[in-house]
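Pasting the structures in now, so scroll down.
Look at the two complexes coming up: chain A is in both, with chain B in one and chain C in the other.
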Partner chain A sequence: MFPLLLIFLPVLTALFIFVLPAAQSRMIAFAGAILSLLAVLLSFNALHADATDVALSFSFNWLPSLGSNISFGIDGISMVLLLLTNILLPLIILTTFQRDIIKPKGYFSLMLLMQSALLGVFMATDGLVFYIFWELALIPIYFICLFWGGEGRQRITFKFFIYTLLGSLFMLVALIILFQHTTNHSFAIKELYAAGASMTFDQQAWVFWFFFLAFAIKMPVFPFHTWQPDTYVNAPTQGTMLLSGIMLKMGTYGLIRWLLPMVPQAVSAYTDLVIILSIISVVYASAIAMAQVNFKRMIAYSSIAHVGLICAGIFSYKAEGIQGALAQMFAHGINVVGLFFICDIIQTNTGTDTMANLGGIRTVNQKFAFWFLITMLGSVALPLTNGFAGEFLLLNGIYQYNAWFAAIGGLTIILGAVYMLRGYQAIMLGETSSITTSFPALKLSETIVFIVIAGIIVISGIYPKIILDISAWDVQLIAH
Partner chain B sequence: MNEILIVAGLGVLTLLAEIFSFKKFIAPIVIAGLLATWVVAALELNGNIYSSLNASVLNMLDFDRYAQSFVLLLTTIALLWVIINYNFFSDESNKADHLSLILFSMVGGFCMVSYTNFVMLFLGIEILSIPMYVLAGSNKRSLRSNEASLKYFLMGSFATGILLFGIALLYGSTGSFYVYDLRVKTTGADFVMTPMFTIGMVMLLAAMAFKSSAAPFHFWAPDVYTGSPSSVTSFMSTFVKTSALAAFMRLFYTALPYVPETFDRIFLILIIGSLFLGNIIAVFQTNAKRLLAYSSISHVGFMLMAIRFFSEPTSVASLFFYMAAYAITTLAAFMVLKIVEENSDGDVSISAFNGLVKRNPLLAGTLTIALLSMAGIPPLSGFFAKFNILYIALHHGYFWLVIIAILASLIGVYYYFKIVIAMFASEPVLAPITLTGKQKTLLLLLTLLIVGMGLNSFVFDLIPS
Partner chain C sequence: METFIPLIPLMPLIGFAILGLAGNKISKMLAAIIGCASIAISFAISLMVFNSQMHTEEAVTVTLFKWIEAGSFKTELAFLVDHLTAAFLLVITGVGLLIHIYSAGYMHKDEAHNRFFTYLNLFIFFMLLLVMGNNYLVMFIGWEGVGLCSYLLIGFWHKVSEYNKAANKAFIMNRIGDLGLLLGILLLYKQFGTLNFLDIKANLSGIESGNTTIVLATLLLFVGAMGKSAQIPLHTWLPDAMAGPTPVSALIHAATMVTAGIYMVVRSNFLYTLAPFTLEVIAIIGLVTALVAATIALFQNDIKKVLAYSTLSQLGYMFLALGVGAYSSGVFHVVTHAFFKALLFLGAGSVIHAMSGEQDLLKMGGLRKKIPLTFITFLIGVLAISGFPFTSGFVSKDEILLNVYYHNKLYFYLAAAGSVITAFYMLRLLMLAFFGNFRGTKEQEHHLHESPSSMTIPLVILAILSVVAGLVQLPHIYGGHPYFKEFLDTVAPSVEPEDITMATKEWLFLGVTTLVLGIIYFITRRFYAEQSFSGIYTGLKKFLANKYYIDELYSAVITKPLNHIGQLFYKIFDKIIIDGGVNGVGKLVNWSSTKVRLIQTGKTGFYMFAMVLSLVVFLIVGLYNLI
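For the complex of A and B:
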């Protein structure tokens, strides 16, 4: 019953927000998100204690004529993502505590609806249900970006929407193709696996590319990334956090759950191609990130670089690669939310996020500089931070597949350090400029966010086993 | 058959209202009558009422399960339409005439979904169309409305002429008007497709494509849809369209099951033409009504796919579901459009929707749900409608057609979202809109139907495959 609880808690909270006065929206949203966090911790405990299937899965006979059941299941792989989602949501809501949000009812209820849809994506064990939640996750974020976004939002959000919808429609075709090959007309994931394995290579290839298109656009991987930087920069801060922190992981999760085990022949045939694309992503996005003058845009590109490496690691199809991908998905979610929050604080207090105009904030606000430093070190994968375990395992997995790929992909560690340190230097060190001299102290809610983020960065960096153990067993089942 | 009797009687009664001056009560009477029709139709479909009249009537009409399901759908549409457009009648001096025209055209629609004889197909189309020609021009003082009426009438009668030619040629080559005779003859082993049969069939297909406004026979639709009063447009794009498509499908359901396979090319031209012409031209529209007209052409492309893949077991159910989903969605969209139109001095350009969410969130919400459903976003009913159709197309081996349909519907998202963006991301220039309690209830009901039909497959299961 945990899946239902997880999905309905945010929806219920959104309903409460809708009927109660707007002044309380923020607090209700936060309370609801904390409840969701508790719920996911409970289900984590149940998973850990090897609870019965009844507790961790749910099935309801929904559309018999289409062979689709509303069915969810939680295993170690989904648990990582569920934890990430429900840890990030309260943090994301906390980041609004010092900001004025216009139309808070809509803003917070859309955020929670998005949470619900994301949790659905990570738990669905039925093709059609997966597709529906996949699309449902897109609608709230579209409206968040459209209504609360910045200049030129109509055009940018529209590109984002059309782009992602294109991918998902092709995924729908792939699902229907698989569905037709099932023996007893069912969308259940096990049946789809069997159907995928039974298809000819050509059919598998179509399914592979259709799925990959959807996931590659969502992540995004070169050459499908063009919607991403504009959307990230233009979206309201919390929208960017949702997009980069959680929504991006829909794509990588989709690869692990819906692509790798689905069409084995096609996967082994196209692995090289996909890894090459991913490595291009890594190098290309890092190079562009180095040339950015705008901090937010730089983080957006760094996100493409990180996800490229994750994608390559997943396709190495080694247990280390996939484990590394999961650890890095978790780490990247935490770090990128921290970075975007830093960016938001800088922008709110100085009115700019162009790095050249900033500088010397460290001399004015040392605490802020400290939190920034930790988050940044996590992002550049310094040993003993959360980013390190993930990237190390990812490169290990890729190395086992092909040493050259690992060598080129490993550039991300150097390049990442280059642009992140340069960004830190430009913003925090040096002489204070006219706009940074009066940089105010952090508020309590802001400090809490940073304490949690830094805590996760350090703890899961020193002892990555807490993340890795969650998914270890289930990854062994699918990896080579 | 009972439904035809009730509705025809109701029509006559409505005409009498003008003479015996009980016009004030006529709208409630009609709504009550339609409600009764709906109950009768539902009970018949459920098998609770057996009427001897339901058996084949003089080999003219046959209220089989196909007909009963569509009669129920048509009655639902008409009932909702009359309730929504209540004020279309209340502020007109000759409202009784308009109501009776609607009722008579309903009789035509019922004949079109239940015919077993080509004569009844022809009569049904005429009974349906003639009141529509009049209603298209019912805004007497508007030049555009007059133009719409004339255009509709000229083009419509031209198409009916072609239909008659087609029927005559089919009669010439098979010797019967009766659909089941035709079925026996055309499915027999010794059947040879003579040129006369082919030409007759092509003419029949063209006429039906015209009536369902499929490209390249769509040219009348945008002008007529734009010129007619919005209420009439919403009736045309829901009730009339459903009748036409159901009659089209019934052609193969009863008489000519192999024709979609044999005339594959013609169907593909109609389908791809409708999908692309409708969607691409809609992109450039600035008038919301015209935009919806072109979008309805593109939806016909999907509906025709169900007809093309008639031999698939779920094709009839898929068409039925698509029609139901499309009709409810369109009713909702037009209801909002009409309210916006009334509050902006008759302006229905997309800029009239600017900032609608701030003028009235419920209107904006309903229209957004309706447009998302038309665009095929899950879990709304429009998604499942498209899903069913794509499924049968893939199952029939038309992989490339599915890709085309998907690309076309992606273009569709572009223009639907033009309206959504206008509603949410632009500043309002006009005053806020206040709704009556009845309007609010109706909007919520329609939204609920759009969502509910998606989440539950009851509509799909009405017709056994």
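For the complex of A and C:
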């Protein structure tokens, strides 16, 4: 029953927001998000205690003629993403507490609807249901970007929408091909796995590339990434957080759940190619991040670099790589939300996020500099921060597959340090500039967000098993 | 004993936490006490641990908890204490304590005094973790952690852009080395299925000397060592790191962190002994660094820069020792160097303190009468590093040279020449700063004063150690006994030379050294103390004074191209080619729809015609397929 609870709580909250006065939207959204967080903790507890399938899954006979059931299930792999989603949502809502949001009813209810769709994606165990939630997730974020975004939002949002929609159409075709090869025409994931394995190599290859295209655009990896920086920079802060913190993990999750086990022959045939693309992503996006003058755009490119390494680690098909990927997905979600929040605070207080115009904020606001430092250290994967276990395991998995790939992908530990340190120096250190001298102290709600983020960075860095153990068992079932 | 071991790193961590949370809410006095006390407790426990290690050859392992586990990969957060670790523990906590005490005086007037102690305690924590880990990954925590502290402390005065750049440079150059180290670690895991030191050691039976995997792994690990211990070509960050407060230069960039590379190689001695090729590489890189850095030091006019290049050079000697398989000699030089180089840096700090922040040797002179205690202790440091007979530096450097002599005569002559240069630049420094006439401003002269006792007491203690530390390793011929070598050989057995006839000629060494030092004394005294000295160089001297132009070379060959590549990728590749392509597809769709739209004429006749034509085509295709 947990899947239904998780999906409907945000929807219900959105309904309340819609009915009650706009002045209360934010608090209702926050309360609802906290309830969702409690719900996911309960389901985590149930998963941990080996609860029955009844508690952790749900199935409803929906379209018998199509062989599709509305079915969800929670295992260790989905749990990592569910936790991430429901931890981030209250934080993302908290980041609006010091901001004026126009049309709050729409803004917050769309955020919650997006949460609901994302949770559905991470739990779906039926191909058609997965596809539907996958597309559902796109709609709220499209409106968030379109109505609350910055300059030129129509063009940028349109491109983002069409681009990702195109990807998902390919995925739909892949699902239909698989469906036609099932023995008794079903969309159930197990049946699809069996169908995929029974197909000839050529058929598998088509399914592989159709799926991959959808996931690659969503993450995104090189060369399907050009929608991403514009969209991240243009979207409202909370939209960017949803996109980078959670939504891109739909792609990486899709790889683990829907691609790797689906078409084994094609996967092993194309692994080299995909890992090479991912490694290119890492180096290429890092190099571009180094050339950025705008902090937000720099983080956008750094996100491409991080997700590239995750993708490569998943395709190493080693338990180390996949668990590393999950740990890194979790860590990246937390860190990137922190970084975009930092960016938002800077932009709100100084009116710019061009790094050359800033500087010296550390002198005026030491605490802010401290939170920035911790988040940055997580992002550059210093040991004892949350980024390390994931990055190390990813590189380990890739190394076992091919040492050269790991050596080149490992450049991320150098390049990541280069652009993050430069950014930190340009913004926080040195003499204050005319716009940073009056940088204000952090507000309570802002401090709370940073305490939670820094707490997760440090705790899951010192004791990474807290995340790794969640998925250990289920990853063993897939990995080599 | 085991229950106390985790307390050694825990104490500075607790100190860090208290100081970090309290910030400026507590007085400077209290902050200094907390900072020093936490290290003092660690030092006391380290002494106990060392004492118990003296009576046993058993390594002690203490496991805290399981750390990273995924698939078949497993590591624990666990400590290993054996003779090697015990020796490093004493150096880190002992010298660390002295430098903490010194800092209380040195940083007294700095508004960020408390933050300084916070970082310093964090550094000691990570440094202890580095030498206490029982596997490569825990060592890596410490390894990266000390890099972070180094970054924070180099950029301690964060308003100055130059310092921040130096801090970034240090972190990034270290990360270049760290990638090598990490890849070496991954290779070891792939080969042995474990990262535990003792487990790897136990799995080595049957592996022959010169095994390709081992050679590759040791080379990769050594890349990490080159970064952390600033060996050529990854050395340029260390001289810049002098931007940090002087106690930091003494503690991190001379006595402890930069010796992490030596620790790592000695810790992995069981691998390196199986890789003669890597050892040869280490010896050559160590030797080149020793010589190049020494020649640069000859022409530096910043007191801290001279000491920084001298550190590079001495680290080179340590690696040279490791390269010829004399592990214990390398570690012994780490110990003696920690004493006399910390002494020299702290002495330089005392000079800078007296000179109201001046670091330029050309503006000093004649200080020996103004700050006599600093002068005497500094002189002892200079004598020790120059290898004056029976000082600790004499014993440790002689032993390295002796081992190098057995290994390769050419290396020996070069290394010996290097130590002559060492004596020369150190005496030059001494003359410029302490002899001759005062060359600074009137105001500086007016303010000249001896440092407070919190600063001079550590100087005195370090001076004593710099003299007597050699006793634990004094050669037989002088009536001593190599206790330290015996102690360390249980962990890292040195590769014993076959021909040991030179050991009987120690007296020759002694005589030559004394003679050379005397000559250098008179030359430097004549050139740098009694005559006016411009400090402007031409020709080869200019080349050396400009550090072989290596920084400029890196900037032209690496930094600038890297930035250009980023720009190129961004502006040409990303914006025009890829995104242009994506937008092109969109435009193509728009364009073709405007064309296809023309077919929708609205005339029924045209539609009928199209329908019939299509039917005919389908029929033909269908028939064709049937046949």
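As a working rule, the second predicted complex is superposed on the first by the 480 of 480 C-alpha atoms of A that agree within 3 Å, B and C clash if a C-alpha of one lies under 4 Å from a C-alpha of the other, contacts with A are read in each partner's own complex, and residues count from 1 in each chain.
Basically, contacts are C-beta pairs under 8 Å (C-beta built on N, C-alpha and C of every residue); 3 or more make two chains touch, one makes a residue touch a chain.
It should be emphasised that the depicted structure is a prediction, and the values quoted were computed from it without experimental measurement.
Student: State whether A:Asn45 touches chain B only (first), chain C only (second), both chains, or neither.
Tutor: Neither partner.
Student: Could you look at A:Lys159 and tell me whether it touches chain B, chain C, both or neither (first, second, both, neither)?
Tutor: In the superposition, A:Lys159 contacts chain C only.
Student: Between chain B and chain C, whom does A:Leu384 touch in the aligned arrangement: first, second, both, or neither?
Tutor: Second partner only.
Student: Which partner reaches more residues of chain A, chain B or chain C?
Tutor: Ranking chain B and chain C by residues of chain A touched puts C first.
Student: Let me test your reading of the model: by the given contact rule, A:Leu136 touches which partner, first (chain B), second (chain C), both or neither?
Tutor: In the superposition, A:Leu136 contacts chain B only.
Student: Does chain B (first) or chain C (second) touch A:Ile176, or do both, or does neither?
Tutor: The first partner, chain B, only.
Student: Which of the two partners, first being chain B and second being chain C, lies in contact with A:Ser438: first, second, both, or neither?
Tutor: A:Ser438 sits against neither chain B nor chain C.
Student: Just checking: does A:Leu411 make contact with chain B only, chain C only, both, or neither of them? Give me first, second, both or neither.
Tutor: second
Student: Touching chain B in one complex and chain C in the other: list those residues of chain A.
Tutor: 162
Student: Considering only the defined contacts, which chain A positions touch chain B in the complex?
Tutor: On the chain A side, the touching residues are 63-66, 131-132, 135-136, 139, 143, 146-147, 153-154, 158, 161-162, 165-166, 169-170, 172-173, 176-177, 179-180, 206.
Student: In the complex of these two chains, what residues of chain C are touching chain A?
Tutor: Listed in rising order, the residues are 65-73, 137, 140-141, 144-145, 148, 151, 155, 158-161, 164-165, 168, 171-172, 175-176, 178-179, 182-183, 186-187, 189-190, 562-563, 565-567, 569-570, 573-574, 578-579, 582-583, 586.
Student: Enumerate the contact residues on chain B facing chain A in the complex.
Tutor: 314, 317, 357, 372, 377-379, 383, 387, 390-391, 394-395, 399, 402-403, 406, 409-410, 413-414, 417, 420-421, 424-425, 457, 460-461, 465
Student: Mind pulling up the chain A residues that touch chain C in the complex?
Tutor: Residues in contact with chain C: 159, 162-163, 223, 225-227, 284, 287-292, 318-320, 323-324, 327, 360, 362-363, 377, 382-384, 389, 392-393, 395-396, 399-400, 403, 406-407, 410-411, 413-414, 417-418, 421-422, 425, 428-431, 463-465, 468-469, 472, 475-476, 479.
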